[in-house]
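Shared between the two complexes below is subunit A, which pairs with subunit B and subunit C, respectively.
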Partner chain A sequence: MTVEIPVEKWSGKVIEVALGATAEEGGTRTHAVTVGGQTTLPFLHFEGAIPYPPRIAIEISDQRPGDWSPLLLEAWGDVVKDPAAWAKAAEEAGAELILLQLSLTKDGDTPVTVADAQAVTRQVLDATGLPLIVFGPGQVDADNELLVAVAEEASGERLLLGICEEKNYRTIVAAALAHNHLVTARTAMDVNLAKQLNILISDMGLPLNRIVMDPTSAALGYGMEYGYSVMERLRIAALQGDKMTQLPMLVTVGYEAWRQKESKVGVGVPEAWGEWEERAILWETLTTTTLIESGADIVIMRHPEAVRRARVFIDRLMGK
Partner chain B sequence: MTTYKVRFLPQDVTVEVPEGTLLGEAARLAGIDVQMPCGGQGRCGRCAVIVKEGNVHRRPTQRLSPDDVAIGLALACQATVVEDVVVSIPPQEKIERKIREGKRAARVELPFPYDSHDQPLRKVAVTLDLPSLHDQTDDWSRLQRELARRYAMRDVEVSLTVLRKLGRVLRDGEWTVTVVLETDAWDRPNGPPRIIDVLPGERLENLWAAAIDIGTTSNVVWLVDLLGGRVMAQAVDYNGQIARGEDVISRIIYASKGDGLQDLQRLVIETLNRLLQQAADERNIPPEEIYKVVVAGNSTMLHLFAAISPEPIRLMPFITTVNQLPTFPAREIGLRVCPEATVDCLPGIASYVGADITAGVISSGMCNMAQELILFVDIGTNGEIVLGDCSWLISCACSAGPAFEGAGVVHGMRATAGAIEEVWVNAETYEATYRVIGGEKPRGICGSGLIGLLADMFITGVMDKSGNINLNLPTKRVRQGEHGPEYVVAWADESATGEDIVITGVDVDNLMRAKAAVYAGFSVLARSVGLTINDVGQVLIGGAFGQYINVEKAIQIGMLPDRPYDRFQFLGNTSVRGAYMALLAREMRHRVTEVGQMMTYLELSADNTFFDEFNAAMFLPHTDLDQFPSMKEFLEGAG
Partner chain C sequence: MSRYIATRAIRGSNALVAEAEALLKQAVEEKGADTPVAFPNTAYFLPVTFGMLAHEVNTLGDLEFSLAHAKKLLHPLPEDNLWVPYLGETLDSGMATLLAAEAIEGVRFAYGEEPTLYPGLELAGSTSYPQLNGTGHLNGPIDDIQLRSWGIQLVDGRMPGFAALVGAAHSNEAAVAIVRELQRRNILTFLCGNTNGRSVIDQLHEEGVEMGYDTYIVPFGTDTISAIYPLGFATRSALTFGGLKAGQWRDILIYNKFRVFAFVLALGEVDDLKYAAAAGAISYGFPTIADTVIPEILPTGVTRYEHVISMPWNEIEAETEEERAAKMVQRAIEVRGVKVKITEVPVPVAYGSAFEGEVVRRADMRAEFGGKNSRAFEYLLMAPMDEVEDGKIELIGPGLDTLDEGGSMDLALVVEVAGRKMQEDFEPVLERQFHYFINGASGIQHIGQRDITWIRISKAAAEKGFDLKHFGDILYARFHADFGAIVDKLQIKIITDPDLHAEWLAKAREAYDFRNRRLADLTDDAVDTFYSCILCQSFAPTHVCVVSPQRLGLCGAYNWLDCKASYEINPTGPNQPIQKGQCLDDDKGYFAGVNEYAKMASQGTVEEVTMYSIMENPMTACGCFECIVMVIPEANGVMVVSREDPSMTPAGMTFSTLAGIAGGGLQTPGIMGVGKFYLTSPKFVSADGGFKRIVWMSSFLKETMAEEFKQVAEREGDPDLIAKIADETICTDVEGLLAYLESVGHPALTMDMMF
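Right after this comes the complex of A and B.
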């Protein structure tokens, strides 16, 4: 007896979004990285098209991150003091995209200036040919000030600028419009909120193929399944033809996985938790692979070994 | 126990109270009414008084800044007496006593052909055989004998109240007496007749009764002559309980403290007695000649009316003490009508779908319409929603909050003189023009004005679809205010208060929540029965506030479903009208009960789709624009 595999015919398709501009496109990247384009749920290759694999971005910082786990700092070594060197190391570790995280202050004291932000962006652009994601420090005024300057400095590079939120998106979107960049739109784990922010941003005139949505993720053990379910629902809505959900999704898994006790704390935890470093790497890897299964198009990671493992996972799922 | 003296100015009244007494309580003992719109929870700051001499113990509150405290301000509902003090009460914002000026009560038509025999109240005049030494039958037996002989009435019941006056009435009327009786009442079918009152002589010219609606905000009395069935006088006023809390939750909280329950009952009975007197005066009768009262109101209001603790209504799992109160004589609660008059409170369905809604459904005529899907909405502080075609009915209550009644909005106010009731924003200049009730200088913005303002700010781009005010516009009307971005509706030199009248981002947020709660209620109800809101044939809008809603603007902000305008009908106060109909005919009274039994109640707090629908509705007009086809066309045409 033959088993007939049911095939769902979806009417919708995820929008293709290309990050980074090559010389022909007015930028300096060696190649662009495209995400989206799916006409089926994650990895159901028999059912529809999945033209691009999930992309791994590695997070680097404009200065040695003060709040990172010593395990991460150790894994990267000296490069954490030099964004350009770090970007190169990240590329070697398997990154397809680089996230440059801007800080609020230098050495926890003087504010990072517009000139600082522009300089570090330039250094990273010069150091690697990968498309670049740039996140502001996460404070409204600083985000707006620094990201506008970065957008100007890297005009035409099709950077992915973030993070737009419902209460603060206008300035960042305007900068992206003016200098041919893209934006990420972050909402708090809710299908409707995600749609609303996408509508607000596209209302300003930014085409949908320049928006990536960040539905907010959580780490394994910290509400990951809630985020998973929201991402799954967003993707199903997209495939059902709901236009404002048809954007690729980005998740900051490295940030989420590395702020939890299981990855942060090495001493004074139950023995059953096992060896610290392995546990921490597993935490990031599992968070990443799970959210990839729920439809993540871009995963922003931190540890090179977790990146390596996620890569193996992606390759297998893509049938390589 | 240590006691201290509290002297109140400018009244110059001194009371002596035990240590730890609340200033508000001391004021009450001094006979001074300090308003506590939030129910004495320290949330609203409206009961602030100034401590002139001595000191009080203050509890921390966000309502008073350190500067306020420095000049002696204290919240009467929070501060307690710890030594002798002199307290000055600043002039408080008086509750407007007039509900919308220049609006005469419309004449009420008979809702259906009326026959006085369809209702249980009767008036008969009988002349008794004169007593003599040969016929020493007692007065009561003599009356019974005559009622049996003339009207075949047996086993007639009488109360002590009536017997106490019987002897005098019989003699004053020279043995002709008019008897008011209730026969075959809905709750005592085929039961014996009950005498409600006796009057000397023949007094058959009228038969008075009243229909009452106890709203959280307004109370309404209709005086009805049951001989012809017509409404002969109307009276309306704000519920006196407002001074103890604006919404039902504040009142429930107030009722649960000390003698709060009795205080709230007293306040509503006082209001009703005043209204009954006012209506009776209009017809030149004493209110004691009102022999029956049918009451509608939400469940909390009816509990307070009967002095039954409403506490369980706000606690999980949100149930009332009683949905159908038994009938009782008016004297039991001090209602100033005939002491033995039957008070009949209509049945509610649940804590937040009360008798006002069962009455509303009856009076909306929902059940007389063709097989069409009807949405009945009563918009007040709570939005109650009923969906059905009368072979089935399903209802829910959504807490819209008092934002559209002017509370929780910086310059919000009720629809009285001085309220901006309509606003237009110019799409090019962002200038505002408005219309004020009474044509005077504006003091604030009422619900209809707020809906119009929200719609125009959205349509003209003063704010985005999430309600974020755009500070980048080339106009001085948008600015960064004390509490974030705001839009100036009227400049200080145009206003009656001498202050700019503004709407803030926080106000917009509150209004968005209110409208989203209402619309999410629609969506959840429709979805629960496998329909969409746009399957609705007719939208019936009840509630006093409903009358003033501009449908077009309410659709623009996504508060009402996007149906053609001719599908909307405004019914005014459907609650009092339902009580009136129940008064006129037993059949209607039975139908109210049937509606109550037939209606399914959907508890939104137990429904896991409500949050989703609410979030989807927290957008202008809605996250799913396809639900608003006319707005979609408009917005896409504009873009």
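Right after this comes the complex of A and C.
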């Protein structure tokens, strides 16, 4: 018996967004990385086009991250003290994009200054040719101050700047407009909120092909299915032709997976949980692969081994 | 369009274009066509010319093209005996003026005559001219670095806009007062031009006002021609932040009209050239406010609101120059539509939604207003723009200090609101906010609304200095912050004076009464727009509430007026207008527009929806419903269970079990979630027989809505109807229900069969 595979005819298409600018485009990246362009649900190659694979970004930090699991710090070794070296190591570990996370303070409690933020951005840009994502520390005033400076320092590089949220997006968007960058728009697991923020940002004049949305993800066991469902709905709405949902999606899986007990805690947990490091890597890998299945276009990861495994998974799904 | 203004603007532009041509000709002869022309530190060539014509000016020779184009835009003076609308000609002349002015500045740069020298002036930050060392000169054009840095603030809203002051103020004192007023509001101040040889720049310099980038005051030049620099700044903003390309002139102007909140203050006598330049500014959507008598251009069109306003300085009613300046700037802001932003509520106690639920006990009470011993009421009304002085808060009558500890007093909170988008219909929507706003103050308790308002101030709050006036501060700050989209100005009267209190109470009651009647008249048939609410899609992804005048949202929190106001405030928010479109079935309430919207917003899950039927394509429910309505087939009617009722029902399920069936954004014929006030609507399941179908209802509803239901019963022509409806104290099963209905002769038993 032959099984006939039902094929859906979607009218919509995910917008193609290119991160990073090469010398020709006014930047210094060795190549740009494009995401989006799908005309079907994830990996239904028989149904529509999936021109680009999901992209793996590796997260690095401007300071040695004080709150990271010792497993992660061990995996990366000494480079965590040197953002430039770390960026190189991340590239070697298979990153297609680098996320540079800015901190609020350095050496305990002196605030990170505009000059610090510009310097570290420059170092990372010099160290790698990959397109760069830069996130502010996550505190409104600091985000605005530092990201405006970073935008200026890297003018024309088509950085992806984050994080725009409903309560604070105008300054970051204005900086992106002024210096030819992109922004990421984060909302809390809600289709309509995501749409609304996309509308608000594009109302400021930033073209949709310079916005990536972050619908907020959660880790395996911590509400991932809710995030999954929101992403799936966003993607279905996009394919149905709803313009304001047709943006590629980014998820911070590394952050989510590594703040949970299963990956953070090595002692005093049930034996059945198994070996700590393997468990933690699995946690990040599974969170990543699952959210990729729901439509994630950019996954921001932390552990090199999880990255390697996710890469194998992506290659297989892309038919390589 | 005023013919007077048209004539003078056209005359001014003709003269300036001729002057530019002569200058250019001479310059080319003297220095050669290849001589470089550039504004320093900018990548936009001569920006207005570049934006308008996509023409890159690099040399004197390149300017010939600009002026040739300017000439094409010139018009002859209007004839004395011919009256036509001159707006088009005037705007063309404005454009010609800008091209000519920019060309002249270009030539001056070629000669090294720009920036204008100004001995003795130290700028606090300016465009840098290496040969001048930053002293003894005016700024000339703003450089690209400053453009980006201010541009970001203009785009993200930290800076509301910019004001171009052209000419000289009435006096030095007036000049300083105007500039201080602008600074206070964070508005960028650009200075240019002169009146009879005196410039506002001279005035400020004499008064020792520090100018430069750092103080947000930029002196461009002492002639009107330098007014081209602010417009160049505006053009570059559109190119930088609007993603526009040179030559997209129309889009550049539209960008400025909607996004750059700038205006021109014409100080002193307005000559031909100033009229011509003002005409250029109008094209950008920037209105002109003059401090002398000139003809006004009030009708809107190119600018958002009025085009030209005259506010003769001496006629502004005020005691001091500062007050005059404040009034003039305030007026300019209104005309341009700049919004005031207030982020903090200035009261001496903690403020935030966390305090909303606070109770002030009698023992802890400093004073109370309303309740048993006095009368308090609140009244918000719309007033004409010119009758409201923004931020005016008056306490009329004795203050808190005249009251004994624990005492009580009559109080009125009267708020007059003006706004270009304000509507009378929004009065009750805004008035209802008093409750939340006032309750946000720690140590203050607010209950009720209208003339049953009851407010208590705690001893702790009074000790911290909370006074009656602070009610005004709270309302002022919150209305601007939360409802800025519809509220432009508000003034507040806090009345304790007995006579005035009585007078306003009478007015307020008249208004309450009027609003009640208005609500009664507001029927589904009388409007052509319903509103959606999709707030609950966060947890019920396919659910859409369609809110009509006669059917409020099922949570009870959003009626049609609320949705309408919410849409004005937040046009991209969860409440969107739905054009009813063609009525497909009057009885059941099928509307083409509603179907279309429901299908779109439910991602195709709901194809059709009725407004007035429970049996056919009923509206979906999320889970927030105040009541559940469900058909009891045996009784040929419906039961209504309220959220407050934990008991068993004749359907064999309690509210919580029923909720699982009714919710989730699915259409289930025979069961529906509703807001309790929908029960009293003449459109309540009207396709299925209406209110008379109710055979059973939670006693909680019967008690809490006794008044309303009494009226419904009368409307239905059966005054005893409510008593005929069973409740959980009478029966909780079908057998008991049928027996009861028989015994009282409930009308449902003899109505058409529901199935």
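Throughout what follows, the second predicted complex is superposed on the first by the 319 of 320 C-alpha atoms of A that agree within 3 Å, B and C clash if a C-alpha of one lies under 4 Å from a C-alpha of the other, contacts with A are read in each partner's own complex, and residues count from 1 in each chain.
Operating definition for what follows: a contact is a pair of C-beta atoms (placed from the backbone, for glycine too) under 8 Å apart; a residue touches a chain by one contact, two chains touch by 3 or more.
This is a predicted model, so every value here is computed, not measured.
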| task | Overlay done on subunit A, so just call it for subunit B and subunit C: clash or fit. | result | clash
| said: With both complexes overlaid on chain A, does A:A175 touch subunit B (first), subunit C (second), both or neither? | reply: second
| said: According to the stated criteria, A:L193 is in contact with first (subunit B), second (subunit C), both, or neither; which is it? | reply: both
| subunit B versus subunit C as contact partner of A:T28, first or second or both or neither | neither
| request: Go through the superposed model and pick first if A:Q240 touches only subunit B, second if only subunit C, both, or neither. | output: second
| field | Which superposed partner A:E166 touches (first subunit B, second subunit C, both, neither) | value | first
| message | For A:D203, using the defined touch cut-off, is the partner it touches subunit B, subunit C, both, or neither? Pick first, second, both or neither. | response | both
| subunit B versus subunit C, judged by how many residues of subunit A each one touches | C
| message | On the A-aligned overlay, A:V148 touches which partner chain: subunit B = first, subunit C = second, or both, or neither? | response | second
| subunit B clashes with which stretch of subunit C: 129-137, 237-245, 291-299 or 705-713? | 705-713
| request: Overlap the subunit B and subunit C contact sets on subunit A and report the shared residues. | output: 170, 190-193, 196, 199-200, 203
| Which subunit C residues qualify as touching subunit A in the complex? | 148, 151-153, 155-158, 240-243, 255, 259, 534-535, 537-538, 541, 572-574, 603-604
| query | Tell me, which parts of subunit B touch subunit A in their complex? | reply | 464-466, 468, 470, 472, 612, 615-616, 618-619, 623, 639
| Where on subunit A does subunit C make contact in their complex? | 144, 148, 152, 170-171, 173-175, 177-179, 189-193, 196, 199-200, 203-207, 233, 236-237, 240
| note | Residue positions on subunit A within touch of subunit B in the complex are 166-167, 170, 190-193, 195-197, 199-200, 203, 244
